[in-house]
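Okay, here's the structure, questions in a sec.
The letters A, B, C and D name the chains in turn, as written, and every chain counts its residues from 1.
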C-alpha cells in the first residue's frame, strides 16, 4: 500500500522568568509504520538541545536549559504513515495468562486510569458483549455517548474516575476513561499522544491502543479525526507519561500553534477496520 | 383506614473503656401518621438519660454519660402507623421557585449526597423521563439495577459519588445515591433512618423521601421491605444527620440486635402508590 | 457601647437566556447585634420579589421569576452592628454531652467540611493545645500559615479535604477547613457568609463561628478584614447552605459589584477578644 | 565486604473455584548486589510454571493456570546481599535537566502517588531543607512522625492523597506518601517490594528508592527493619507495578506465611549511611 505523507508540527511560546529546564515530548517517533522523512527542532533564541529516546520507541525527548526572556520552540516534520489492517472479527482478546511480559504493565491502574475503582461498572456495562475488538468498540461507543466533548471543562488533575461521574472532557479524558474500562476487563490498554488532521481548532490529539490479537490496535472514542492520520508522539500508561512539556522553573506559557496537513498519498479516512501502527513485540 | 401496629426496638452492647458521652438516635418519633403507643428506653447499668427533640419532629435524642464497664442500651416501642396515599399521577414535581423555605435546604448537596458532582449524569440518565413521581421511580429503578446490595462492601465514609462508580452498597448507600440524583434535578430529597419489617438479617433500615406534589413521599430503592412498615427514627440531609449513636470517648462496640414485628391491623405491603408519613408543612 | 453603622450591598448582572427562577441570599439579617436600619432590594427590569426567612434568622431569601433578557439585581442596606465581647480565657469548650440540641447538627460532617476524614490530622495538630478559644485560634493560625490565599485557585466543588492537601484557597476554603478541624475535635462550627470592609478587591466574604462557652464566637482564618465589620447574610453548615444565588434555568453571569463602607460610630478593628454576633440560644 | 546470606520465602494458600490464571511476583531478583544462590518455586498440586523477567531486572514473574481445588504456592530462596555505601553529604540531588532518560518516568505521578496534588504541601514542608539525601530523610521523618502505623486501617485503593489526610497506614502507604513528596520536589522516586527481617508479624515489606547522586538509594519511612536486610522482589512506580499476585478468575485467598532469616555474614543493621542495591544505570 502506498503510504500517506503529512506535514505536521507545533510552535510553543513561553516567557521564561528565571533560568529553567525544559523537557519536550512533541517529536514524531520512527517505527515500521511511521517514518520521519525530514524534521527540524529549533528554539529562538538558539539553545543547545539534547535528544534522548525511550526504549522501544515509546517517545523522544528534547531537553535544554533556557535563560530569562522570551522563548519559542518550533517543531516541524514531514512524516509518512502506513498501517497494519485487520478485519475486526480476526482480533480476539488474548487470555491474560498469555499476555507478553512487555504488555502486562498496561493491565494495572495508573494515575489517570483508576481501573481498580471501575471494575464493577465495567463488568455491568460491557461484560455481556463478545470479547475482542467489538467489546473495545462498545467501550468507545459508551464513552462517546455518555461524555460530552467540552473544551475547558476539565483540568490537569482530571482522571477517569472524575470523568465517569462528571460526564465532560476532551480527547485526553475520553481516552483515559476508555483505558480504565479496558484494564478493568483485563484488556491491556495504553495512551498515545500525537498529531491528527482536521481538528477544529487545531491542537495536539490523544487516542489509545488496546492489545488484542497479538498487536496494539488504535481506538479513538472522540471520533473527531480519521484514525489513519494519527501521527504518534508518545506512548505510555496515561497522560502522565506523555506530557508535551515538563518544565522545572518559573515559566509562563503564552501561546501555542499546532499544524497538521495532508501532503500526498491515500487520503485519511475514518475506518471500522482494526488498524495498528505499533511494531510487533518480538 | 385502620392503622397497623408494630413492636420494634433494639439492644446495643458496648464496652466503655473510659468515661464517655453518648447520644442515641434510635427512638421512633411521633407525628400525625406515627404514634408511639408505649415505649421504654433503658440502660444497664441504669443511668440518668436526657431526652431532647429536634424541631419539626426530625428526631429525638437520648443522651447520657457512662462510666467504664459494660453498657447495654435497650429500646422497645409499640408503634401505630397509618399513611397518606395518593395515585402517582397526582404527584407532580413542584417548580423550584415555588418550594417552601423549609424544603429548600434539601436541594443542596450534603456530605454523602454530592449532587453538584452528578448533575450531568442525572440529566443524561433521567432528564427525558416525565417529571414527578415517575421520574423519582426511574431513579430508584436505576439504583436498584446498577448497584449490587452487598453488606460489608462499604464503610462510614462512602458517599453517593463513590457508590455511583463502585456499584455496591447497602440501604444507606442506595438512598444516598438516589437523593443525590433527585437534588441534581432540583427535586428536594432527604434521608430517613428507621425500622422496617422482614429484613434478613434484622437491622436498622434507611429509605428516602422526595418532596413532590406538596408532600414528602416515601421511596426505597432497595425494595427489601414493604414501605408501609417503615417506622421513622430520624430525618435529615443524609446519614450524617441521623447516626444511631454519636459517642465521645473510648468505647468498643460489641453487638447489636434489632427487632421489628407485626402486631395487628392491615398487613404491611409493597405498593406502587405514592405514600407519605410526613405531616404537611404548614 | 455605641454601635457602628455601615452602608453595604451588591449589584449583580445576568443575561437570562430562557425563563428562569432565582433565589438570592444577599440580604443582611436582623438580630440582637445587627439591625438593618434601611434597605432596598430591586431588580431591573422590575419584578415581583417574594421574601422568606429561615427559622432562627439563619438567612433571608429573595425569590422571583425572570424572562429572557438582561437582569440586574441591586441590594443596598444601612446596617448597625454591635458585639458581645468576652476575654478569651472565659470561653471554654462545652463538653459534647452538654451541647444544646440546636447546636448538635454542627458537629457532623457536611458537603464541604468532611470532618470525618480529618480526625487523626486534627488530633495530631491540635490535640495538645488547651481546649476552648485558644484551640480554635490555633486552628485559625494553622490554616493561615499552611494555606496560600490565592483567588482563582479553587472552584465550587473544592472542599476541606481538597484544601488540606492542595494548600490554596479563598475565604470560603479557609473557613471550610477550619470548620472541619473544629468538628473533628467535637467543637460545633458553622459557616457565615457576609459583607466585610477593606477587602481588596471588594467581594463577598466568609468567616466561621465556633460554639464555645455557650455562644457562637466569630473566627476568620484569613485575617483580611476586621472582625467587628462583618455583616451577616447567611448562616449554615457550609457554603452549600449559603449560596448567594441559586438559579434554575439557562442564565449567564456577567458581572458583580460588592460595596461596604464605614458610616459612623467606633471604627472597625482587628481584635484578639472573643466576639459574638449571634443571639443566645434560649 | 563479606556479603550476608538470608533464607527467605513465602507460602500462599488459595481455594480455586473455577479455572484461573495466576501471575506471581514473589521471587528475589538478581543483580550486582543481590545474588540468588539457590531457590525453588513450586505449587501443590504441581503445575507447569512459566517464568518471565522484566527488562532491567525490575521483577521476575511466574505464571500458570490452575484448575478448581486447593492450591499452594511455595517459594524459598537463599540470597546473598551486599551494598554500595556512601556518606550522606556525598549524595546530592541531580538537577532535573541532567536526569537520565531511564529515570525520568519516576518524577511523574502514578496511581498511588499523586505527586501533582501534593506540590504545595511538599514545598511548604520540605522546601527549606538542604536538597539531597537530607531532604529525603526529612520526608521520611515527616511520614514516620505524622502517619500512624496501623495494620488493617487501609486497603488496596488507598493512595498517598488519602494517607496524607487520614494519617494511618502500613509500609506500602508510608512509601507511597514519601514517593509522592519526592516527585513533587522533582526527585525521582520508586517503589520496591521485598522481604525484610524482624518484621512482627512476618510479612512482605515495601520500601522506596530515591534517585540521588547518580544512584537509586534505599529509604524506609517505617524504620521497622534494618535496611541492609531488604531482599528486592519487584521495582516499579508504586504498588500497582509490584503486586505479589495478579489473579484472573474466581479464587479465594486462604492464608499466607512469609519467612526471612539470617544465615551468615555481617548482621543486618539500621544505618544512617546512604546505601544502594541498584545497579548503576549505564
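Throughout what follows, a residue touches a chain if its C-beta (ideal position, glycine included) is under 8 Å from a C-beta of that chain, and two chains touch if they have at least 3 such contacts.
Keep in mind it's a predicted model, so treat the numbers as computed, not measured.
Student: Counting hops between chains that touch, how far apart are chain A and chain C?
Tutor: Step count on the best path from chain A to chain C: 2.
Student: What whole-Å value do you get for the distance between chain A and chain D if each is reduced to the mean of its CA atoms?
Tutor: Measuring from centre to centre gives 30 Å for this pair.
Student: Report, in whole Å, the distance between the mean C-alpha point of chain A and the mean C-alpha point of chain B.
Tutor: 47
Student: Centre to centre, by mean C-alpha position, how many angstrom separate chain B and chain D?
Tutor: About 46 Å, centre to centre.
Student: Residues touching two or more other chains, restricted to chain A: which are they?
Tutor: 117
Student: Looking at which chains touch which, would you call it a line, ring, star, complete or other?
Tutor: ring
Student: Which pairs of chains touch each other in this structure?
Tutor: Here the touching pairs of chains are A-B, A-D, B-C, C-D.
Student: Okay, in this complex, where on chain C does chain B touch?
Tutor: Listed in rising order, the residues of chain C that touch chain B are 21, 23, 52-55, 61, 63-65, 95-97, 101-102, 104-105, 107-111, 114, 116-117, 156-157, 186, 240-241, 243, 246, 248.
Student: Where on chain B does chain A make contact in their complex?
Tutor: The touching residues are 117-118, 120-121, 124, 146, 148, 161, 164-168.
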